[in-house]
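Here it is: the structure, laid out below.
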Amino acid sequence: MHADEQRQTETIIRTSGVNVRKCMKCGKCSATCPNFAEMDIHPHRFVSMVEEGDVAALMRSKSLWRCLSCFACVERCPRGVEPAHLIEAVRMEVIRPQGGNRLRPEAVPALLDEKIPQQLIVSAFRKYSK
Amino acid sequence: MRRIRDMIRGRAGELLRDGTVNRVLGWTNGEFYYDPNPAIFETEKSLDSLVYNGFSAAMLSKYLIEATKKEGRVLVFLKPCDTYSFNHLLKEHKVNREKTYVIGIGCGGMLDIEKLRTLGAKGIESIDEEGENVVAHTLYGDKTFARRDALLEKCLSCKGKEHKVYDELAVADDLWEWETVNRFTKVGELEGMGPGERFSFWRGELSRCIRCNACRNACPVCSCLKCVFDNPRSGVQAKANADSFEENMFHIIRAFHVAGRCSDCGECSRVCPQNIPLHLLNRKFIKDINAFYGEYQAGAVAEGKSPLTEYATGDVEPSIVYERGGA
Amino acid sequence: MPINEEGGAFKPLIVAFCCNWCSYAGADLAGSSRLNYPANIKVIRVPCSCRVNPLFILRAFQRGADGVIMCGCHPGDCHYTSGNYFARRRTALLFSMLDYLGIEKGRTRVEWVSAAEGAKFANTMNQFAETISALGECRRLEDIRCVESEI
Amino acid sequence: MQKIGVFICWCGSNIAATVDVEAVTEAVKAEPNVVFSTNYQYMCSEGGQSAIRNAIAEYGLTGIVVCACSPRMHEATFRKTAAVAGLNPYMVEIANIREQCSWIHKEKDEATEKAVILARAAVAKLNRNVPLFAGESPVVKRALVIGGGIAGIQTALDVADAGYEVDIVEKTPTIGGKMAMLDKTFPTLDCAACILTPKMVDASAHEKINLYTYSEVESVSGFVGNFTVNIRKRARGVNSDLCTGCGVCIEKCPSKGAKSEFNQGLCNRGAIYIPFAQAIPNVPVIDHDACIKFKTGKCGICERVCTAKAIDYAQEDEIITKQYGAIVLATGFKPIPMEMYDEFQYAQCPDVITSLEFERICNAAGPTKGKVLRPSDHEPPKTVVFVQCVGSRATVDCGKTYCSKICCMYTAKHAMLLREKYPDTEAYVFYIDVRTPGKSFDEFYRRAVEEYGVHYIKGMVGKVAEEDGCLLVQGSDLIADKQITIKADMVVLAAAIEPDPTARSLGTMFTASMDTNDFFTEAHPKLRPVESPTAGIFLSGLCQGPKDIPDTVAQAGAAASKVIGLLSKDKLMGNPCIAGCNEPLCNGCSSCELVCAYGAITYEDKLVIDHGVRETRRVACVNEAVCQGCGACTVTCPSGAMDLKGFTNLQIMAEVDAICR
Amino acid sequence: MMLKLSKDKIGELFQKIASDRTLYLPVDNNGQVNFGRWTPDAAVRLDQLKTVKSSKDFFFPQTENIVAFKRQGKDISIIEKRDANEPFVVFGVRGCDVRSLDILDRVFLCDPVDSFYKARRENGTIVSFACSEPEENCFCGVFGIDAADPLGDATIRVIGGDLYWDAKTDKGRALEESAGALFTQATALDSDAIKEHDERSREISGRLPLKDLDLDSFEESALLEKFNSPLWKELSQACVGCGTCTYVCPTCQCYDIQDFDTGHGIQRFRCWDSCMYSDFTLMAHGNNRKSQVERFRQRFMHKLIYYPANNDGIFSCVGCGRCVAKCPISMNIAKVIRALGGVSVSV
């Protein structure tokens, strides 16, 4: 494995807090995923690819940005693997080196509306800063 | 604490009068301000000499072992730290809860007469506790000290002011408050030393031991009817420290016997006539237990197993001792 | 290698407490397999590692042992279901305390040896004897009355 | 003062080649109380043993040390030798100078020196020995089996066939357990009732077997060989002695609203009912909660129609106290609740059912008379989806971390039976792994695929949704790396199984230890799989861990053989090397009780005379029949009141001293 | 004849004394001051009024080997154990501790003479130290001790920057001679300073809170009355049964004889014992003092009645106040005298 890829894999595992070895390959994550059809790499493969250290492909993949972060896979996983957290960590691994977020934190206050749930702001911030 | 003293005098009188309790376990005043001793009061009149001040450090819970063997109920005043010991005694069936009536009393930190002496108070005739100050009236003039400087070690690292068990509370809002220190700091310092340094430290301390057994006899956990060290048939009887091995042996085994049971009340160090920091042995066990098996506070509750009477299949191996570095 | 007072190579005295069901049988197997380990290691048979009282360990040092090792069934395999789990907690704490008092921690050890592990028993003993040889005589927990006096 | 003889064995050249046995013989003479020492070529031979016997007689020895092979080899031999010569067998100590000396050391001087030290240690220990006597306790020749399923029935039958009385306590109104609810059994597909019912009849007809159905164990005391058990026989409302089992009361009962437990709530039953036709005993019970008479005081129809005058509303619970020598726990299992699995819509859609419900639906005596019909509209399903591992192998929420073991096989069975009865119905099985270790198991599963065309899909179901009377089952097909949706008519969930909830309280009552999943733990996972660590308590069937019928029956038989072995003894000879409490030293702290794996220590208030002080104190008492002699209590006891006979503190310290001298 | 030495030169004095005999004096070990062997780098603490333990140790040590039995095979030989006869000096002993030796002498030197004790007494020279600033828990005056001018083989006073030396016995003079060169003669001016010192010290002693402890009623005739007093129960309730008071006491003289098996034989030693211990004089049949009330009573009855009854009315307490300072629960002989002394308590 490429040294960079190995470091990235370690970072992903560390930042996600996910123990990929807990996965028993049942596929329930993919079974429950509402956006399965839009993805080329499916949730269960996210887990196995990280486990194998094959993260470069993941980071390139479009599916990475198709995940809705609905957390259905996290909710349903019988082993508590939390694939969505892993996906989020891969995203961060892609974003961080890019710098120059499109949506800057300073811009957020102006966009605030008291009725917007905070969760939405955080997700939006995450999404539009990519 | 004067206010609490007045409260508990009154309450004790009422409880004796209405027959709720038959006797009262408290402290009676002595020759000086600083030497009240534990006492049992059986009449309302005798309660006039009931005191509670910064020198009521002697814990009362252990006296309940004998006191609850008698007919009737005994009223006892427990400071927060003493409630842990009380719970422990309940857990080990030493004290009959039914025969006790617990008034949890507030505590403003207990004072160490030895510290006052070391700080320069000679010939102390009487003492005034005034908020954050302690004034010693001595044969050689008055001296004022910061209360914090005169606190007992056990109070400096107080576990908390919450009473773990009581029937009623007697607390006052004028109690002196103080910031506590981390009780494991010194243990950590020792752990950081080299083995040779540690050995010299402990030799220096333990070589002063005169085997008076005050640590053991004051300890609320050491409640064996006959200690192994007193028993000629145990094979390890030792009435005196005939050599340095026996100084070590007594204290290692004593600490081991109370491991997992010791609530860190600090009485052992308080009562030691040679001022040996025995609490550092107990705290080592407590620190290890917390690190190895999860946080545990003996005496927090009156039931359940203690760390040495239970286990987990995934417990750390003893080899962890070698992995921690050092020689 | 440390030299003893008479000038010969230092042979550490080691006491090994072995549980009857696993480790003692493991020691027997080491014997039947003719696996060598130093003669100054002497085994004391106890029913279970949970029978080993800290008093025994201190006693051995008092009387001149240079190292003490306790062997029992592997965790989970105790003949008495849970004995070695208790032993494990007790020794972890005791050994940590001895270390805290400045007693060289290499002088005490716990090893789980099954009845089938004759080779492990012999290896463990050889290693332990080496460790103790390197540490030299135990001075910090000895009782001068037992060691130095001729009485 | 002891008189000790030391006997050094050459073991041919095994010892004598490396150990100077003469030197050892001489050296040990200097040890305290040694009055005689000798050596011999083979101490274990008749010649050697007779030399020992003669020396005991001639020198009046009070104890002997044999320096020979490992005590694990011949300790028993030499104890017998001593006993023959009139010496207490526990006045024998062995110094292991072969395995732990002559065989590992090459230098003769070194080996000889070590042999002397080992002999010295044995002498030092022996000097502290006292004669020990094994306690005896009588064995009550009756066994109690708790649980009347196939495990309990089989154990009871085997024990009873050996000629011992057995009582079965079953909490439901009939014996038969979960197996009675099954339709067919894998892998042979023979009908469960056909093989179980005869056993139930045998059990009820067996003169040595006594059934307590609708009963529960209330409390227990005593120990191996002599347990006293209180059994609560719940009020049936029907006098079993008078009832003829005609069934008129059941027919006439106007209350029909209660769910049939036996049929998994798929149909109703009356307030007075028998769970199923072959129930044993064939005596109805009145469900107090459903009965109009009990609820309102009016009705009483059953009493009027009963010609046998068997109805007895006033009947009360009865407590029966009996003695048993052995107790078998056969408390069985139940499927875990499925309500919390929202994704499978079990609570919402009637057509999502558990496998056990499917069994009832397949069964000819079941709610649909054996026709596979959807519970919602009683229409035959055209597509059935089976989901495996529901709640098994899960580390989150309400799941179980273990594999339930039986689901792969019964799911294959269900799919196969479905396809056999209704060839035009499609069967899909979602699986994570198909686990088929067992005789003819994998063949059975392959038949389901190859002969019956069951569709096995590697993957898990993520979602079930009801739409237009159909169930949309969304799942992964991992091999195709696809998410698929199957339009099904029925979904069958292979629910994880868990121990029956009553096991927990029984475990506490019997001090039978349990694992984190509430399965009873065995005394040794490999070597004593049917015994609980608590002596006299045995384990049969699923209460010990997931298993299928053949395994259950095998274990039931094994438990029975252990019970028979125990009951065949008139008296139990205890191991005399057990813990004992020196009462004047005991401070009543309970630490020993907490570490005892066998529940052998109890506390009692006793009058203690301690150096002239008479006091009633709470002191530890060791039950000699239960203690196994591990010594955990001795170390936890700070005062040293607890000591272990044969391995006392003083004995071990004497050995330490002798070795370090 | 009073001699004088500048306080700065005290180290030289110690060196001189220690050159041909062992010198023991108050030294600091991690904050606690006890009598210990002088070495050039010992932390000498003459300013400390009270050492934790008294000077009793040097004459009646806490543990002492007395005889040994050696085993060789089945033979047993008896080996007598005795310290070498070496002279030593205990320096800085306060008046109370000096008196305590008289009390011990009456026990150990009467027939049968304790030869171990006797040898040490003969070898030991006591240099006493006048008290300048007594403390509140001192009550030696109650026993007629003059702390300002204590007895001993020689007495020192430290006044200002000077140390005054006053040899009182032949032993003291012998010591003085060996260190003679360091001293100068005291002058009349010095005598005034000494007088002033002693008076001031006595004046303070006269103000001490425990000075009025009333011992009048402690006499043999009151033995039964005191023995049967109901107050013992009350007083002893707090006692935890440790040996602190006994072990810090300069006059307690009870000991136990124990055997230690070394593996090669038996080392027989004696060690201090405490009548406060539950196993004190434990016999096969049991204990003659079964509860703490009786043990507690024993200690004080002995000090205040039994001992004086056998020793010309001399109390076996010297008022050093160590037990007052050290008891874990603050029960002590002063409280006992206060409760039981003075006006007789009728039973």
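Chains here go by letter, A, B, C, D and E, matching the order in which they are written, and residues are numbered from 1 within each.
What we mean here is this: contacts are C-beta pairs under 8 Å (C-beta built on N, C-alpha and C of every residue); 3 or more make two chains touch, one makes a residue touch a chain.
Since we're looking at a predicted model, the values are computed, not measured.
Under the contact definition, chain A and chain C share the contacting chains D. The chains in contact with chain D as well as with chain E are B, C. Among the pairs B-C and B-D, the greater number of C-beta contacts is found at B-C. Chain centres here are C-alpha means, and the one lying farthest from chain A is E. Chain centres here are Cα means. That of chain A falls 47 Å from that of chain D. Here the CA centre of chain A is 54 Å from the CA centre of chain B. With each centre defined as the average position of its C-alpha atoms, the distance from chain C to chain E rounds to 46 Å. If you average the CA atoms of chain B and of chain E, the two centres end up 30 Å from each other. Residue positions of chain D with contacts to 2 or more other chains are 595, 636, 649, 653, 657, 660-661.
Multi-chain contact residues, meaning those touching two or more other chains, do not occur anywhere in chain A. In chain E, 260, 263-264 are the positions where the chain touches two or more neighbouring chains simultaneously. Pairs of chains meeting the touch criterion: A-D, B-C, B-D, B-E, C-D, C-E, D-E.
Contact residues of chain A toward chain D in the complex are 22, 24-33, 36-37, 42, 44-45, 72, 76-80. Note for the complex: chain B touches chain C at residues 187, 190-191, 195-203, 228, 235-236, 242-246, 248-249, 252-253, 255-256, 259, 281, 284-285, 288-289, 292-293, 307-309, 311-313, 315-322, 324, 326-327. Residues of chain E touching chain C in their complex: 68-70, 79, 260, 262-267. Across the interface of their complex, chain E is touched by residues 63, 145-146, 149-151 of chain C. Listed in rising order, the residues of chain C touching chain B in the complex are 54-55, 58-59, 62, 75-76, 82, 85-86, 88-106, 108-110, 140-145.
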